[in-house]
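Heads up, there are several structures right after this.
In the two assemblies presented below, chain A is common to both, partnered first by chain B and then by chain C.
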Partner chain A sequence: MNSKTRELILSLNNNKPARKINIMEVCGTHTMAISRYGLRQLIPENINLISGPGCPVCVTPAGDIDWIMEIMEQYEISLFTFGDMLRVPGTRSSLYGKRSEGKDINICYSPSDALDFARKNPVKKVIFLAIGFETTIPLTAVIVKRAYLEKINNFYIFNTHKLIPEALELLVNDREIKIDAFLCPGHVSVIIGSKPYGFLAKNYGIPCVISGFEPEDILQSIAMILEQIKKETAEIEIQYRRVVKEEGNPAAVRLIYEIFDKSDSTWRGLGNISGSGLKLKDRFLKFDAGTQFPVKKIRSGEPAGCECGNVLKGIKRPFECRLFSKTCKPESPVGTCMVSREGSCAAYYKYERKHKNIKSDTKNLYKNR
Partner chain B sequence: MYKKFDDKIIQLSHGDGGIKTGELINNLLLGYFGNDILNRLEDSAVLNCSSKKIAYTTDSFVVDPIFFPGGDIGKLSICGTVNDLVTTGCTPIALSLAFILEEGFPVSDFKRILSSIKNTINANDLKIVTGDTKVVEKGSVDKIFINTSGIGAIDNNLDLSPRRIKAGDKILINGGIAEHGIAILGSRKEFNFKSSIKSDCASLFPLVRDMISVSKKIHALRDVTRGGLASVLFEMSRASGTGIDIYENEIPIKKEVLGICQFLGLDPLYIANEGKMIIFVDKKEAGRVLDAMKKNKYGEDSRIIGEVTEKYPKSVVSKKSYEGNVVLVTRLGTRRTLDLQFCEQLPRIC
Partner chain C sequence: MCLAIPAKIIKINKKTATVETLGVKKEIDISLVPGVRTGDFVIVHAGFAIQSIDKEDAVSIQNYWKEYLDEQQN
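And then the complex of A and B:
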C-alpha cells in the first residue's frame, strides 16, 4: 500500500461521521470492487455501504427471460448475448439450459459480432439480446443504425436496456430506504456526464460522487461524500475525473435518442419505473425481436423466498436473505443477484461470506507489510 | 530407414487397422517416436522398474486452437502429463500417446504436431512406449484430440503429499500466472485482440529435479493448470486440512496479462497455466529452494507467495465437511476469501 492510500484510510477513520450514514453504490462494478478489496474492513463501522440496482443482469425480470426463451422455442433463431445472461433464471429454465438442449445460443464480447454473423449468414435469423445501462446502449444503437443503413433483413435486437437516473429517483422516494448519499456509476457517467444526477442534489439534498473503480478511487469518493455531509451541502462531484466529463459524451447520447425513445420498463425487484427504459423508434421497429417474433404471453413469476428485490433496493443485505448460501449459490442461483459476477449476492458470497465480521485494525496500517 | 508417408489428408482408413493404418504407424509414427520398446508394436509394452513406488497419471487434450503462441496441442499433451507425474517427485519412465483424428485433418498439421511432441520428449529424455490412433467421421471431433498417460518411478525415500503440509510452510510459485489462458484467448478468432503473451507450456521435470536435490523438506507439489492458482490452492487447503494465506502483492503476473484480464473482466487467479507449479516447503528451507528454482530456466521469476496458517482453522465446525480456507491478503491489507469458481471462464483451454 502506498503512503497516500494509507493516509486516506487513516483520515477516513479519524473523521468518522457523527451518525450512521448510508451510502449506496449504484453500480455493480463498485459492489464487486468493495467486496473484492474488503473495503468494509477499512472504513468506520457507521458508514454503511449498500448496494443498489446497478447490475443490468440483476434487474432483468424473469418475464424477459421467459419471453426470449419462448421466441427461441417457437422460431429458428441464432441468439447472441453477453456471457452472464446465459445463467439468469427464468421461471422454469435459463438460456444456459436451452443451449444444452441444442439451441443456437452464442456468447459475444461485442454486439457487432452478432451483426457480423447476420451479414455472413443471410439465411439465419439473428437476435442480439441487448442488455445494459447507458454504458452499452450506444453500442446497440450503433449496430441498429448500421443494420438499417445496410438494409440487413435478418438481424433483430431483443431490447432490455434500462436508464439509471430514473431508477435512483424511485429509490430516494422509497420510504423504507434512507439513502444519505450516492456513489454514482463511473461507466454510465462517461456517457451521460454528471448533469442527469443534478435533481438528486437539488430536489432531494443528496450528495453524489461519481467514482472510479480502483479501491483507492472508492475510498477517496467516500471521503468526498463525508466532506459534503460535514459541510451540509449536496452537490454532484466527479472523483473519476480522468475519464468522466461533466457533459459526458454528447455524441453517444445523441445517437441513443436517434434510435430509441424513452419508455417504461420493468425492473426485477423494483417493478415498473416510468421513463426508465427505451423502445426502438417506429422506423426501426423491423429490428425489434419482440414485435417481429410474436409469442403468447407466458405467466412469469419471481422465485419464492428470493429477496433480490429488497437487495437491489438496499433494504436487505445478501446475508439477510434466508436462501443466501443455502439454496441460492453461484452454481445454482435462485435470484439474479447471485447470477451476475457483479450482483451483490455473488460479490458477498464470493468474497465476504467468511469475513463478514472482520474489521482490519486500521491503527496498525503503518506496520502492515 | 522408414518409407515416406505421402498422404495429404487423414482418412477413415488410417484408423481402421488395415493397410493404411499400418502405413501411418510404420512410415509416420515410428519415424518420429521409434525406440526399442515401441518398435515391437505389441499389444502391451513391458517395462522394467527398480522402484517399489510408481506414479501413474492420464490426461486428455482438446485445446482450441491446436496451434497457439508458445506451443501446440502436441507439446501440451506431453508437458501436461509429465507435470502431473513430477508433482510426486518421480522420474518419468514411460508415456503412452493416443490420437483421435478427424477425417480430413491435414497431414501437414499432423506432422507439425508430431515433430513438436518429438522435440518435447527428446528434450526431457522421455520415451513413448505404447500408443493408439483412431479416425472418426468429419464433424465427430474437432481436428485432433490427444490422450497421454505416464508412469514414473518414485524414490523410495520420497513422500510428497498434501498430507504432509503443515502450518508455517511457505508456498512458492515458479513464475507469472495466467499466461497459458490468455495466450489461448488471444489466438481464438472470436477475440479481436493481439498480444505478445505466449503460453507458459513447459515440462517442469528439470525444475522439480533441481528443487528436490537441494531440500528434503519439500512437503507437496501441485501443477497449476485449469482453474488457475486460486482453485489449486483451494484444493490443497482442503486436502491438507489447513488454512492458506496468499499475498496479492507477491503473486507474479506480467503487466500485459493483468491488463488483458482487467479489460475482459477475468480474474487471473482463475486462469489456466501449463508450466507453473506451487511448492509447499518447510519455512526454514524455503530460501534454499527458492534459490535453486531461480537458477533454473523455468523458475527465474519464482516467488514466495504465501504461507500455510493452521490445521483446521478455528472457523471450521466439523473436520469432515472441511471445505478449505484460502484467504487473499489484498494490496490494501484487507482479507478476502478465495473460492472454487462456479462456471468455466473459458472452455477447451487444454
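And then the complex of A and C:
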C-alpha cells in the first residue's frame, strides 16, 4: 500500500459520514479491486460498498444460454465467444458441456477472430456470441459492418449486449434497495463518456463518480462521492480522467447506433429492462443468429437456491446465499456470479471469506498502525 | 470482462496496427480510434483500440494491469 492510499484511508476515516451511505459499484473489475485490496474493511463502517450488475457474464439469463445451445443442437454451427461464457449454466447444461459432446465451440480473444474464421471457411456457418456492455459493443458493431461491406454470408451474431445506464435507473427505482451513489464503470465510460449518467443526478439526485481501478482511484472516488453528499449536490464527476473523456469515444458511439437500435433486454436477476438492450437494424438482420436459425424456445429456469438475482441487485451479499462456498465454488459454479472471475461471488470467495465476520476488527487494526 | 490495457502503437497498417503491451507485440484493430499515429498510446480491449491516452498515464496504468493479470493467471 503506498502513502497516497494510506492518506486517503486515513482521511476517509477522519471524515466519516454522518449517516450510513450505500455506494453501488457496477463494474466487475471494481468489485475485484475492492475485494482484492480489502477496501471494504479499510473504510468507515457506515460506508457500505455494494456490488451491482457490473459483470456481463453474470447478468446473462439462463434463457439466452438455452437458446444458443438449442441453435447449436439443431444446426451445424461454429460458435465463437469469450472464455467465461462457456461455463455459464443454462437450464440443463452449459456451452462447455456442449463442447465436450463434440460441438464446435471456440474461445476467442477478439470478436475479429470469429469474422476471420468465417472469411476463411465460407462453407461453415459461424456465430459470434456477442456479450458485453458499452465497452465491447462497438467491437461487435465493427465486425457486423465489415461483414456487411465485404458481403460475408456465413457470419452471424447471437446478440446479448446490454446497456448500463438503463439498468442503473431500474435499480434506483427499486424499493428493496436504497442507493445513495454510484461508482460508475471506467471502461464503459471510455465509450459513452459522462453524459449518459446525467439523468441519475438530475432526476434522482444521485451523485456518480466514474472511477479508475487502482485502490487509490476507488478511494478517491469514494471521497468525491462523500464530498457531494456533504454539499448536498448531485453531479457526474470523472475521477479517471487519465482515460475517460467527458464526450467518451464519439466515433464508437456513432458506430453502435449505425448498426443497432435500442431494444428491451432481460437481465439475470433484474428481469426485463426497457431500452437496456440492442437489436440489429433491419438492414443488418441477415447477421442475426436468433432470426436466421429459428428454434423452438425451451422453458428456462434459474438454478434452485441460487441467490445471483438478489446479489446482482445488491439486496444480498454472496455470504448470504446458502450455496456460497458449499455447493457453489469457482471450480463448480452454480450461479453466474461465481462463474465469472469478476463476479461478486467469485471475488468474495477468493478474497473476502476471511473477512466474513471481522469487518470492524480489521478496520481497528489498521487504525492502530 | 471489460478489461482494457494500455499499448504503444509500433506500426500502422490501414485499420490494424502492431502494438506493444506489457512487453508483448500484438496486432490490433484501430478503426475505433481514427487519427492515431505511430508512437501514440491507446487502450486496448479484446483486440481493439478504444481510446487514445497520454504516454505518462499509459505507463503508470500499465504497471497496475501487469500485476493484476499476473495474479489472475495464478
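Throughout what follows, the second predicted complex is superposed on the first by the 356 of 369 C-alpha atoms of A that agree within 3 Å, B and C clash if a C-alpha of one lies under 4 Å from a C-alpha of the other, contacts with A are read in each partner's own complex, and residues count from 1 in each chain.
Operating definition for what follows: contacts are C-beta pairs under 8 Å (C-beta built on N, C-alpha and C of every residue); 3 or more make two chains touch, one makes a residue touch a chain.
Just so we're clear, the structure is a prediction, and the values are computed from it rather than from any experiment.
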Which of chain B and chain C A:P56 touches, first, second, both or neither: second
Chain B versus chain C as contact partner of A:T5, first or second or both or neither: first
First, second, both or neither for A:Y109, with chain B first and chain C second: both
Per-residue contact with chain A, leading partner among chain C and chain B: C
Which superposed partner A:G38 touches (first chain B, second chain C, both, neither): first
First, second, both or neither for A:N203, with chain B first and chain C second: neither
Partner chain in contact with A:E331 - chain B first, chain C second, else both or neither: first
Partner chain in contact with A:S274 - chain B first, chain C second, else both or neither: neither
First (chain B), second (chain C), both or neither touched by A:R341: both
Touching partner for A:Y351 - first (chain B), second (chain C), both, neither: first
Set of chain A residues, in rising order, touched by both chain B and chain C: 36, 109-110, 113, 341
Residues of chain B that touch chain A when the two form their complex: 190-192, 247, 249, 264-265, 315, 325, 327, 329-337, 339, 342-343
Contact footprint of chain C on chain A as seen in their complex: 27-29, 36, 55-57, 82, 84, 109-113, 131-133, 135-136, 138-139, 142, 185, 187-188, 190-191, 212-214, 242-243, 245, 249, 251-252, 255, 340-342
Chain A to chain B touching residues, read off their complex: 1, 5, 9, 35-39, 41-42, 87, 108-110, 113, 215, 329-331, 341, 350-355, 358, 360, 365, 368-369
Chain C residues touching chain A - in the complex, by the definition given at the top: 1-4, 28-29, 31-34, 43, 45-48, 50-51, 53-54, 57, 60-61, 64, 68, 71-72
